[in-house]
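Chain lettering (A, B, C and D) follows the sequence in which the chains are written, and residue indices restart at 1 in each chain.
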Amino acid sequence: MTANPRATDASNRRLRLGMVGGGPGAFIGAVHRIAARLDDRFELVAAALSSNAERARAGARELHIVPERAYGSFSEMAAAEKSRPDRIDAVSIVTPNHLHFAPAKAFLEAGIHVICDKPLTTTVEDALALAEIVRRSGLIFGLTHNYTGYPLVRQAREMIEASELGRIRVVQVEYAQDWLTTPLEQTGQKQAVWRTDPAQSGPAGSLGDIGTHAYNLACFVTGLRCDQLAADVSIFVPGRRLDDNVQMLLRFDGGARGMLWASQVATGNENNLRLRVYGDKAGIATASAKHASRIPSGHPEGYLEAFAQLYADLAEQIAARNAGRAPAPSSLLVPNVKDGVAGVRFISGVLESSRQNSAWVNLPRS
Amino acid sequence: MTANPRATDASNRRLRLGMVGGGPGAFIGAVHRIAARLDDRFELVAAALSSNAERARAGARELHIVPERAYGSFSEMAAAEKSRPDRIDAVSIVTPNHLHFAPAKAFLEAGIHVICDKPLTTTVEDALALAEIVRRSGLIFGLTHNYTGYPLVRQAREMIEASELGRIRVVQVEYAQDWLTTPLEQTGQKQAVWRTDPAQSGPAGSLGDIGTHAYNLACFVTGLRCDQLAADVSIFVPGRRLDDNVQMLLRFDGGARGMLWASQVATGNENNLRLRVYGDKAGIATASAKHASRIPSGHPEGYLEAFAQLYADLAEQIAARNAGRAPAPSSLLVPNVKDGVAGVRFISGVLESSRQNSAWVNLPRS
Amino acid sequence: MTANPRATDASNRRLRLGMVGGGPGAFIGAVHRIAARLDDRFELVAAALSSNAERARAGARELHIVPERAYGSFSEMAAAEKSRPDRIDAVSIVTPNHLHFAPAKAFLEAGIHVICDKPLTTTVEDALALAEIVRRSGLIFGLTHNYTGYPLVRQAREMIEASELGRIRVVQVEYAQDWLTTPLEQTGQKQAVWRTDPAQSGPAGSLGDIGTHAYNLACFVTGLRCDQLAADVSIFVPGRRLDDNVQMLLRFDGGARGMLWASQVATGNENNLRLRVYGDKAGIATASAKHASRIPSGHPEGYLEAFAQLYADLAEQIAARNAGRAPAPSSLLVPNVKDGVAGVRFISGVLESSRQNSAWVNLPRS
Amino acid sequence: MTANPRATDASNRRLRLGMVGGGPGAFIGAVHRIAARLDDRFELVAAALSSNAERARAGARELHIVPERAYGSFSEMAAAEKSRPDRIDAVSIVTPNHLHFAPAKAFLEAGIHVICDKPLTTTVEDALALAEIVRRSGLIFGLTHNYTGYPLVRQAREMIEASELGRIRVVQVEYAQDWLTTPLEQTGQKQAVWRTDPAQSGPAGSLGDIGTHAYNLACFVTGLRCDQLAADVSIFVPGRRLDDNVQMLLRFDGGARGMLWASQVATGNENNLRLRVYGDKAGIATASAKHASRIPSGHPEGYLEAFAQLYADLAEQIAARNAGRAPAPSSLLVPNVKDGVAGVRFISGVLESSRQNSAWVNLPRS
């Protein structure tokens, strides 16, 4: 039993954090704020919480942000922060998918590190453009595929890296939810509305929302690249405009074969993400637990702590950059813009395969 | 708490049972014998336990079978039993797959009911021919897809029949074993040898051995017909001649989508068969338990009792036939020759899809 | 994967089995018959199934027993079988507790091996007298504490014998059922009536019915002797005449401390028997699985097979005796009359402690 | 899916929190700080982190506390804070057990609300004296029995309050750990040293450390009062000075019977707290999950969030007091000084019963 070293690391000042999106009623914004606060490495000092300027400012007040840094828009915020001596070290972008690209670009161009929710963008073109901006800027870019922050998931990755499973043969991954079993979006429920709206979510529904998590998890843990996929994309709920169930076959480099299932109509599944990997020496299974309190029903225990792990990793990267030292190697495990590009290519590939009646589609190397 | 009514039903004499295959060293033969004995409705009185006549007779002696009914071959047995006044009521065929067709045909033509292990045959042509023979004979033909005998499985089927799940949307089924993770057949292990030998097993390995169970279970429980499949069939163990891992997408009539995974190289899985079905009202999951004693490692608890259920159902069908009355409706749930044909068509379809790089293949209606 | 050697052991004829008690409607009789049949080592040839002579004979006919061996009472049966050349090798006594002693004595005096349900008797005096009769007779006496027949339980015992847990410190055992949560006996339910009737069950209710199983399991697995107990015995259901919940502290030789809980009013527990043992090197937990079909709701999977294990062990002991050879050592694990005496002393000690307001009571060495 | 209302409640300023104990190396201090931070209702502004003044000040600097409020002792801190206009609203006392009483008294007398770790004190006299000080002061006193903060636990309490279980009959509670299976204290491990030292822990080892949690949980969930207990207290590890295993029988008002087991030598149990309650209508079981990251191995998922729940409840009580309004009723569920007295009386009763060879001991009403 030892204390958490991070909590008593005095060598770092608290980093100044800004937030774009995540105002009142936005679930993921609160999660990011708690995660940033958990290890006390970040302090939220600036925000553009809503695309509605008035709501943005009111929300910021509730979060104890001083009025001059309660911005009405992300562009105003990027411009103003850029010129402050105490400008934010990093910004968290927690808007719907279609609003990731523009603020990410704006803050990178303002010289500010970016922490962005997934999926990276709604098109492959935007994803590649953003990757190029990150490359040129030399700034840190974290993508919050939060499942990579679970201790169990990192341990699984280490086991496979250490060849404890031998050569990987089979990869089975699934992410099953049931909250869209009915046409919830027609009731006006905010989370459902934007996630089923092509204008806000892009061309993918459950695929972008949770399929990308499953895909990222499989790649993160196995260290394998997916070369080909053959997918069947379904919309089960009448009137819905984006997919609510996707099933696919996967082929990985080195010959491993896999299956991926993501569903938001799997009745009785609150939020079950499960990965199983079988090698010629051993196999592993990861599954998430139940019953948390500050987060939506069904999200796994440890959810906040896994998110906090990503924030802690990014704090370490930023603090190391500020101090001119190398970051702790484990902090580099946090997904970055390349993982973001891979995720958007995955979405694009799945939709392409489905258009071709589940033909195998090649995934280009990032 | 009530006693089992079957055990005290005095209106029926014990039925006379014969067995083809299942001599010493054959696992499934012992399972069938225990299953037949469990409810005391059958008595084993005749057998051709091996294709080696001497071993066949020696084995029969060990099973307390009188010498005159310890036959050296199935054809000898069919001929002799046909003309006995106390001839067997039914025969159990528990040989490797390539030896199902000929004895089934012989006993049907001798007027004897048949209980046959799965898969029905190794080719679609044989399957159709056998179905025609059964049709003409009017005899009872049971196919021992033993998982259909589990109380839990039957309950799941009833729930779906009663529309408790609503319209079915997603069907996920998997059967994972690990006993062929290494080239066990190269050690001469008997079970591994015949199951990986195309001459004895036919063109399918894990697909025929366990994939058919998964497929049958999915169809049995949901009552849905599978219209199309797109499959990826793999051989992971170097030198193996038949598949040891199959993954596929399924499309059912009515629009439900599914996935099926069967593997004998899923390290760490002794014997895990799992079906999940999600409708627009509810979902169900079935999974098999662990730790039995008289059966191979990993086979689920209740395995013997589920097998016994099929024998009890067939005893009921035969006794009803003998008595000129209608059988109990539940006894008709035991799979029959049509299910056998569907299983062989499934195997054929999977192999065809795999040959076409996982293209969708239509499954003809039986 | 290997066939069960017992099923193909030709060196032994089927042993002739008789049964006392266990007529239609008696749950445990059917279980014993299936268990005896499972490995085909016993054939049921004689019975006195009921204390009502007419019902006894009718029941025997249903079980295919020839009329001359369908006896009207156990004493008639003991006398008749004693003088037959083909007399039964062993008798199973599956009557309510108060009817164990007299038939056991009668058959032992007729020179016939005895298989008896637990608890051995309803008084310590009878238990000791029976043990003395067994000793003098030199006959085999098996007590069907069926949980000792589970592979998992035997493996746990072996682990402890092999010092894999180190010195045992803590033993926690519990057996929780809920079928007597309501005054079921007042509805006339047969199983409930005799189990809550002091005249048939003796002075202990849940204590004798399931507490003795828990106690026997703890002693069987750990190999420890219980020296002292301090017990609190309760009747929760108004009007009930025997205990339905017992809780106690245990002290074992060597210093281990334990707790035992047995309850038939533990709402939501169909039939949960659980043992946990902690040593200074390691700990183990055993728990029973769910969902069987031929047995009362909640009894664990493998129940029939565990019972069958005891019958197989006793068949081995009897066959070895008949052949003048030593029995397989593992067959001696089946509980015997000494375990029966220990069980009755346990019951007596618990009731004594409870009368003294849970004072510690010493258990005499058997 | 809704955002957490607490995080967006603008009506309250952040409360000022102080801490006594919990310096570097102290596990529970970091937990309290994270818990206080999670919902952003408290800000840590003052501390006396260690009884060593120099270490206390160094630790405070690491936690971003301004030097003038980095105190060298709790008495200095109580005196100084009392006279500040921005004095702390509340103080968290996270010292070893023997150092709860004095600082709690000092801060209460300084007019500051107290949040204190359990057990309240090391003697019943101190507990009663503290309860009297709280009563006279009218201040808020929270006792961090953190398990009462779990959503599942609160739900269980509500179910029982709503009579969903009917009249309670049986209460089984256990808390099993294994970290003291070996004489860890002899290696100098800090957590083990003070917990096994009578001078720091008081007269109870595992009993005070985890037995009180189990007892509190059972009383919290059932709403029952324990009237009597009969206990067996053991020291299994040679050379240890305080108990490492306790087992007891419990009698509750209204007639329910229970058992409690707390052990720190239950090999293989990292941290398993489990409560089962059975009434005449239904039963419930609560169990804690696994795998957290910022806390000692084995502590359940949700541990931080449950602690945070208590802090959120106390923030609500304090904010309501400050605003002159009634607190939200659910915030009153957090254990208070009366629960602390009951816990110390429980410890005292257990030790008394054990001294009397497990005789039943009455627990006085608080």
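Definition applied: a residue touches a chain if its C-beta (ideal position, glycine included) is under 8 Å from a C-beta of that chain, and two chains touch if they have at least 3 such contacts.
Note that this is a predicted model, so its numbers are computed, not measured.
The chains that touch subunit C as well as subunit D do not exist here; no chain meets both.
Using the mean of the Cα atoms as each chain's centre, the chain most removed from subunit C is A.
Subunit B and subunit D have Cα centroids lying 58 Å from one another.
For this pair, subunit B with subunit C, the centres built from the Cα atoms lie 36 Å apart. Across the assembly, subunit D contributes no residue in contact with two or more other chains.
You'll find the chains touch as A-B, A-D, B-C, C-D.
The touching residues of subunit B, when paired with subunit C in their complex, are 1-4, 7-10, 14, 24-27, 29-30, 33-34, 37-40, 59, 61-64, 150-152, 179, 189, 191, 289-294, 296-297, 300-302, 304-306, 308-309. The residues of subunit B lying in touch with subunit A in their complex are 165, 169-170, 172, 174, 178, 181-182, 230, 232, 234, 236, 245, 247-249, 251, 255, 257-259, 261, 263, 265-269, 276, 278-285, 357-360.
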